[in-house]
Every structure is written in structure tokens, then in C-alpha cells.
Amino acid sequence: MRATVDLNADGGEGFGAYTIGADTELLRSVTSLNVACGAHAGDPVVIRAVIRAAAAAGVAVGAHPGFPDLQGFGRRAMQIASTDLVAMLIYQIGAVAALAASEGTRLRHVKAHGALYNMAVADAALAGAIAEAMSAFDGLWLYAPRDSAMAAAAESRGIMVAYEAFLDRGYRRDGTLVPRTEPGALLTDPAQVAARAVTLVTDGTVTASDGTSISLRPRTLCVHSDTPGAGALAAAARAALRAAGVRVAPPWSVP
Amino acid sequence: MRATVDLNADGGEGFGAYTIGADTELLRSVTSLNVACGAHAGDPVVIRAVIRAAAAAGVAVGAHPGFPDLQGFGRRAMQIASTDLVAMLIYQIGAVAALAASEGTRLRHVKAHGALYNMAVADAALAGAIAEAMSAFDGLWLYAPRDSAMAAAAESRGIMVAYEAFLDRGYRRDGTLVPRTEPGALLTDPAQVAARAVTLVTDGTVTASDGTSISLRPRTLCVHSDTPGAGALAAAARAALRAAGVRVAPPWSVP
Amino acid sequence: MRATVDLNADGGEGFGAYTIGADTELLRSVTSLNVACGAHAGDPVVIRAVIRAAAAAGVAVGAHPGFPDLQGFGRRAMQIASTDLVAMLIYQIGAVAALAASEGTRLRHVKAHGALYNMAVADAALAGAIAEAMSAFDGLWLYAPRDSAMAAAAESRGIMVAYEAFLDRGYRRDGTLVPRTEPGALLTDPAQVAARAVTLVTDGTVTASDGTSISLRPRTLCVHSDTPGAGALAAAARAALRAAGVRVAPPWSVP
Amino acid sequence: MRATVDLNADGGEGFGAYTIGADTELLRSVTSLNVACGAHAGDPVVIRAVIRAAAAAGVAVGAHPGFPDLQGFGRRAMQIASTDLVAMLIYQIGAVAALAASEGTRLRHVKAHGALYNMAVADAALAGAIAEAMSAFDGLWLYAPRDSAMAAAAESRGIMVAYEAFLDRGYRRDGTLVPRTEPGALLTDPAQVAARAVTLVTDGTVTASDGTSISLRPRTLCVHSDTPGAGALAAAARAALRAAGVRVAPPWSVP
């Protein structure tokens, strides 16, 4: 059976007069777009426009909810009660789902953003809140790391999970990411990112910062929209995957 | 055939630590609650809680979207492009619709808030934006004044409209409201409000500030949540309507 | 020499149409008002109005800056870089200082709000940021607990510190507050609060939750504006202090 | 006597992760920078950084307050009560003044932003609010069009006004700007902008869209930071002015 993987990136992160990211370039290569939901980034006009562009490009859209912190772009840890978080996430996902419907498409997945993603990898209460919020919708997949609290909480509620690996971030031996303040945190060489994409799919592994090989077996691969040259990285990964005979498609689309 | 009318009020207008309005009292008497959507007021936690309370009280919920102006409570006129407004309204209505679904209920209507309502009474572009946004959802009624641009735009798209009259605001001869800065703008006597409710339903008329009788023939009656004694006004209106043999129920519920 | 103590409370915490707190009642009894700065609460119109009222009542005003989190009222922990915090605090204090000047008065002190206060008690980086921000202004006192990182950082920069005790919160043996989720966290009996105020000034001590007496020796006493009956608590404390021969006045006013 | 003119542009308009404008390039050529104040754009961290850069470049800083509408970048008309506006402006100017002081410099002028600027050209109530707010500070100049309500209100309070002309915007015969939706609204040719700068200073005039020459006699010339190639336009204007023997300096610096 032919290997399949999804390629995802963030989009719709502008706000009013502010633009950010690389929506146009990324939509040429990715198969799933994580759409900002108006809390950490995105406003209704920007969100609607990127959903329209994704639909026109045949790219699936998902919700990318985050903490209510536009100034910190959702990257600052916040102490949010999990019951409050459930309401915040339903609000954000519901808003973007309605904009998707108005453009003749629908949400296919959810990926938590920034500090929320990082915290919910290990925090069972936050992970449970994400799963509970997703239960208010039908048929959404969660993008989350394998063996995370976030994945476990979703699976315990019967939510499909696509395990995720990052193409442009260094990994440590224990499977966590190299912090952005340390050398090797970011990969910006298209050839290296492309090779990594292929190995992650065909072998299931990535080489950690200490040289050991670690197993991730991902179902979706992420390029961060704010990594320099993100569009080129995604294009290189897409081309290399195809050349290696890998099918690039969203997780829900597989027969 | 027995006369029927709806009784509506605003709710869910708190924000974080801030409370406002009279949700608990009003839910005892009204049949429709206009739920703030997080732009002019309301946050996801507050919104979800009031939807839960309304569902428990058997009160129908609708979306009450407004301008993105928390500081001005959506009461300051803003120059918003109508295409932008469409996206803003779909976002707001979709967010609240998802919270309603998560509580086992559904949105039944939309009522524009504050300056948006006032402007869309006469502004065809804004009125069209409201109707266009509502077209992204199924089966929502619009609450709007008879003979308004807002009602006309909705009807031209096949949206059901419940004509609205205000129980606690003075009317001028031309059918517009007495401005809040003038005497007679606000009615706070429960007996007067109750009598007015009955006359509006049985006769279709209200007495304007100059003593003339004007025809409104409303399908829904509003008590403003920030009028002093709003809960008592709604209770008085409800009791008087029942005593007069009027059925009090949402517009969509009528066979 | 006659004992002197300051009585402080928060004010100006409304936002637009939202009111909160007990400004009018508290201004009758306190000698210092901690004025919200527009980040966790307060808007320019509300802030200016409460400064005007404080000036008319002869109550000193200080800045009460907090995290940029209106929805959480500044009570949720946030991970803010200390260099960013310096800019945020100068911004907030400067804005309120200008409004004070426009009302013919001036800021006399700074008191951190909510989660920022709690975190800076022990976090040297946050404490240093507060002190650094205050160094951009002349002659401001800091209100902070004795033996806190916040007090130490200020004193190391030559900033005057008024040590603070809370009249309406339970203390544990180690000098920390009884968490709000536990019994004994909140004191709402005016007689008990009044007796505590006197003992804190004349003896320097308070009885902790386990019955032991702990030494706080405060220069300022706080009543929280959202404690039920805050106005009555402040009035009772003020009257009891006077009856005990204690002078009630801000720290900077003492010869 | 040698002719003198100021060259101004906007700066500090980023917000969190969002960057916008051309701060670095513009600081090489302008003599005054209008610094966003956190309402329509700018956050404390961004504002402080641009003030530091301006001080290092020897560029004077002023406050550039606007409507509280980040999503609309302060460009949407809003109905703000003039008494509320006074408080909003003191808040914004005071915040930026404190950040300037913390960087060892001081504010020299105020220029209203976007819709506020446009409305206050003709609206006496808004113009009066700007002048009243500025009266809370010492020695600030106002940048405003000659013969505007904004200039008149300031002058009636003894505030110095530097009359402004726009280098990159088309003018109509009546002295108003060609709307951005019409051809000729924007000038992006450096040579044309440079020639215009010299004529505005040496002759006091500009050629309107119908070919007539109109008199503006400006004391300060603006290049919009979001005009494509803004940095190059400012550099060309600066070089041409110097070549023509014009002194380029802020209005307050002239002996």
C-alpha cells in the first residue's frame, strides 16, 4: 500500500491592516491549512478571504484556535481554566466553521496554536478541554503529536487524530523540540527539509540533535508559516514526497 | 384565531468579571433572548452560560451581533464596509450558533445590536450585509422594524422577518424612537408598559409622543435589558398579555 | 510618636458600559486609591472620572497596572518577558499620570494588580521590571508586601516602599494568603476587619489561620474593592483606627 | 532668511508579531516621527523601540493618537463624544510621553491619525477635543492643515501649529485630498514628490488635479509610511530640499 501524508501550515493570521505569514505561497504546496480563529490572530475578513483562497486551491481547511492574546500572538503561556477554554474553543471553531460554510466548504480538522498546543501536549486538563470542544462538532480530526496528552484525550472521545511532525524544527532525543533560543532550533534549508519529509514518511524517523534516530511515524507534516522561506520549504517537501512516490493528501481523504 | 406575540430581550452581555443586564429576571418572562456575540459585548464563557440558562428556562435564543467596539458597547456609529460586515456577522453568528449546539439547542433568530440596528433601519448596504450573512445559516428569523431597509433586504432573500416594537421606548409620530436625550424617551412604569403591550397586539398601535396613534402591528415586543426595572417590565407585559388572551411565543413556533 | 497607616483600595475598574467595584463608597474612607490603567480594567473615560472624584474627596491616587487581559481581569497568570513588561508598565503608568495631571493632581504610588502582583512577590525578573518601570517616574512609592522580591527590587533602586497588609484576606502561618478556594480566605465582618486593622498598626501582627500570630508591620492596609461590603469594611477600619488614635494618611505625606 | 521645513512620517505602527510601515528607512530622512499610541496601532514594546531608534537617529518624536480601532487601523469613522475623546487623547499622549522620557527624549508634537485627522479638519467639537487634550501637556506643537478647524481650535488655546502638506497625495482645487478610490490619489514617483516638496517650500504652492496652482504654505511635509516606496520618497524629498538650500528641521527647533 502506497504511503500517504498530509502537509499542513498556518494561514489567515493577518489582522486588519496587518499581514503576516505566507498564505499565497503555502497554498501552492500544502494539503491542509490551519486557519487562525480571531483570538491570537485573524479577523473575520482575513479569515474568510484565506478560506476562499484555500477552497480555490483545493486545500483543506481546519481551525487553528489559540489563547485570547493578539499582542502575544498566542505564544505566551496563560493560565486558563479548562472549563473556560472549552467555551473559547467552541466559539473560535464555530466562527470559522460558519465562514467556511459560507464559502461552500467545511472544516476538516483542528490544530491548537502556539502556547496552547505546547501546554496541551502535557497538560491533561487542557487536552481534555480541546477534546470536549471538538465533540461539539462532527467529523473533525485533531492534529497532535503522537503520545501526547492532547492525542490521548481526543482518542478517548473517539476523535480521529493525525499524528504530527515538524519539518522545520529540530528535535531532541526525547522527542521534544529544540527550544527556539538554542542553535539547531530552526531548519531553513529546503533540501534538508525535503529529505527529512521523505524519511519521516518512508522510515517514520527523524534524526535528533544528538544524532540519534527517533521514531515519530507522522500522518501530517508541518511547515511553520513564519519560518523564513516557508513557501519554498513546503514546495521542496511536496516535490520530494511526490518523487518518492508518497501520496500527499489530508488524513480524512484516505479511503 | 388567537393573537400571538413574542417577547424579546438582550442577554449574555457580560464580559469576564463584568456583569450587566438582568439575565436571570428576564428569562422568567421573555420567550426569545438576543445573545451578545463577543464583539460589542459577551465573551464565550458568559455566552455559553446564558444559553444554558435560556435552554433550561425554555426560552429561545438568537444571535445579537454588533459592531466590534466593546468600549462603546456597540452603540457608537462606525463606518464599516458592507463586505467586511458580512464576514463579521457570519463570524459572530457562527460562534454563538456553535455554543448553542454544544448546549443542545439552536439559534432561532438574529437581531442586530445598537448602532448597527439603528443604521441598518435606513442604510440599504448595511441591511443587505445582514441579510447576506444570515443566508449562510438555515432557518433564522430576523427581528426588525416593519418598513425598514433591514426588513426589506431580508425579505428579498426569503428570510422570515418578525416585525418588532419597543415596549419601553417612546415613539414619535413618524414611527422613529424619541432620542434618549429627550423627555419621554424611556418608559419605566410596569403598568404603562403592560397596557402598551396589549394594545400593540390587539390593536396593532401605539400612542406617539404627540398623542397620535401609529400603527406598528408587531410580531415581537422588546424590553431593553438596561432599562431600570427591565425584569419587572417584562413580567408585567407577559402577565397582561396572558390576561388579555394573547399567546406569548416565538415567531417560528407558530403552526 | 503617633502611629500612622494608609488605607488603600482599587478604583476606576469599569470599562465602557460596565461598572464594577465600589468607588463612591470607598472614596469616603480610604486615603489612597489604586487606579486601573486600561490593561486589565479601566478605560480613559472611567479613569479620568475616578481621578476627579478622588481629588475632590482628598484621596491620593496611584497607578494600578496589570496584565493586558481584560477578559481575565488581570487575574490569570501570563508569561510576559520582563523587558516587555517594563514597556507595558511605563505605558500604563504614564497614561494615568497624564490623566491625573489633567485633573490638577498627581500619582503618588504604584501597586501591581492581580496575577502580576502575586507573581512579582516571588519572581525577581518581574519584580525588577516593576522597579525599572517606576524609575522612569519621579517620587512614586511602591505598595508591596514586606520581604517580597517586589519590595527588594524597588528598594535596591532607591524607590520608597510602603509595606502592605490585607484586611479582608486570611493569612497562613508563612505569611502567604489563604487561597480564595479555601475556607477563611475572605473576611467580610466589619468588626473583625476593624479589629484586625488596629492590631496590625498597634502591634504589627495578624492572627494566621492556624491561630499563630505573625508579624507584618504594614505601612498601608488594603480592602479589596470586590469583597462584599467593601465600603463598609473600609469605613469600619477607618473609624476603629481613628478611635485607637492612629493617624490615617498616605505614606508620602508623613513629615 | 533661509527657508525651513519639517519632514514627517508615521512610525511605531506594529503590534506584537505584526510589523508594518517603513520605520528604519524613514528614520534616515525625516525630521519628525509621528509615533502610534496603542489605540489604532502600536503596542508599548513597539512604541518604545521606535522612540529609541528615533532618538538614536536624531529624529524628533511626536504622538500620533487615533480612534480605538485596531482592526480598522483607525481609518474608520467612529462617533465618539468629544468629552470622551479628550480623555482618550490624554491617555494615549501621556503613555507615549512617558515612554519617550524613559528613553531620554521627549514628545515635541501631536498629529491626529486617520479618520480622526480627517474628521477634525472640519468638525469643531473633535478639533476642540484635540486642543483641550494637548493643553494637559506643555510645549507640544500640532501638525494640521492650514485653515482647518483643527488648527483654529489649537491656536485659540495658544498651541503652536505647524501647517501640513502631503507630498504623496493628490490635491483637489479646494485644497482637499483626492479620495484614495480615485485616480491621482497617490504619488509614488520620487522625482515628482521631490519636485513637489521644493515647490511647496519655495513657492508655497502645489498643483491640484485640475492643473490649477493652490497655496498651502506648509511648515511640515508628510510622506505616508504605507505609500509604496515611502522610504525612497522621503529620501528624494530630503535630498531635493537640501539641494535647493532649504533647511530641514522640526518647527520647534527654529530660533
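The first chain written gets the first letter, and so on, giving A, B, C and D; residue counts start at 1 in each chain.
By definition in this document, a residue touches a chain if its C-beta (ideal position, glycine included) is under 8 Å from a C-beta of that chain, and two chains touch if they have at least 3 such contacts.
Please read all numbers here as calculations on a predicted model, not as lab measurements.
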Notebook entry, point to check: Through how few touching steps can chain A be joined to chain D?
Noted result: 1
Notebook entry, point to check: Same or different: do the copies chain B and chain C touch each other through matching residue numbers, with over half of them shared?
Noted result: same
Margin query: Of the pairs A-C and C-D, which shows more C-beta pairs in contact?
Written below: C-D
Check: If you average the CA atoms of chain A and of chain C, how many Å lie between those two points?
Finding: 43
Next item on the list: Give, as an integer number of Å, the spacing between the C-alpha centres of chain D and chain C.
Entry: 40
Notebook entry, point to check: Which residues of chain B are in contact with two or more other chains?
Noted result: 71-72
Item checked: Pairwise touch network: line, ring, star, complete, or other -> complete
Note to self: Applying the document's contact rule, which stretches of chain B touch chain A when the two form their complex?
What the structure shows: 38, 44-45, 47-48, 83-84, 87-88, 90-99, 101-102, 133, 136-137
Item checked: chain B residues touching chain C - in the complex, by the definition given at the top -> 15-20, 41, 43, 70-73, 75, 226
Item checked: Interface residues, chain B side, partner chain D - complex -> 68-69, 71-72, 76-80, 115
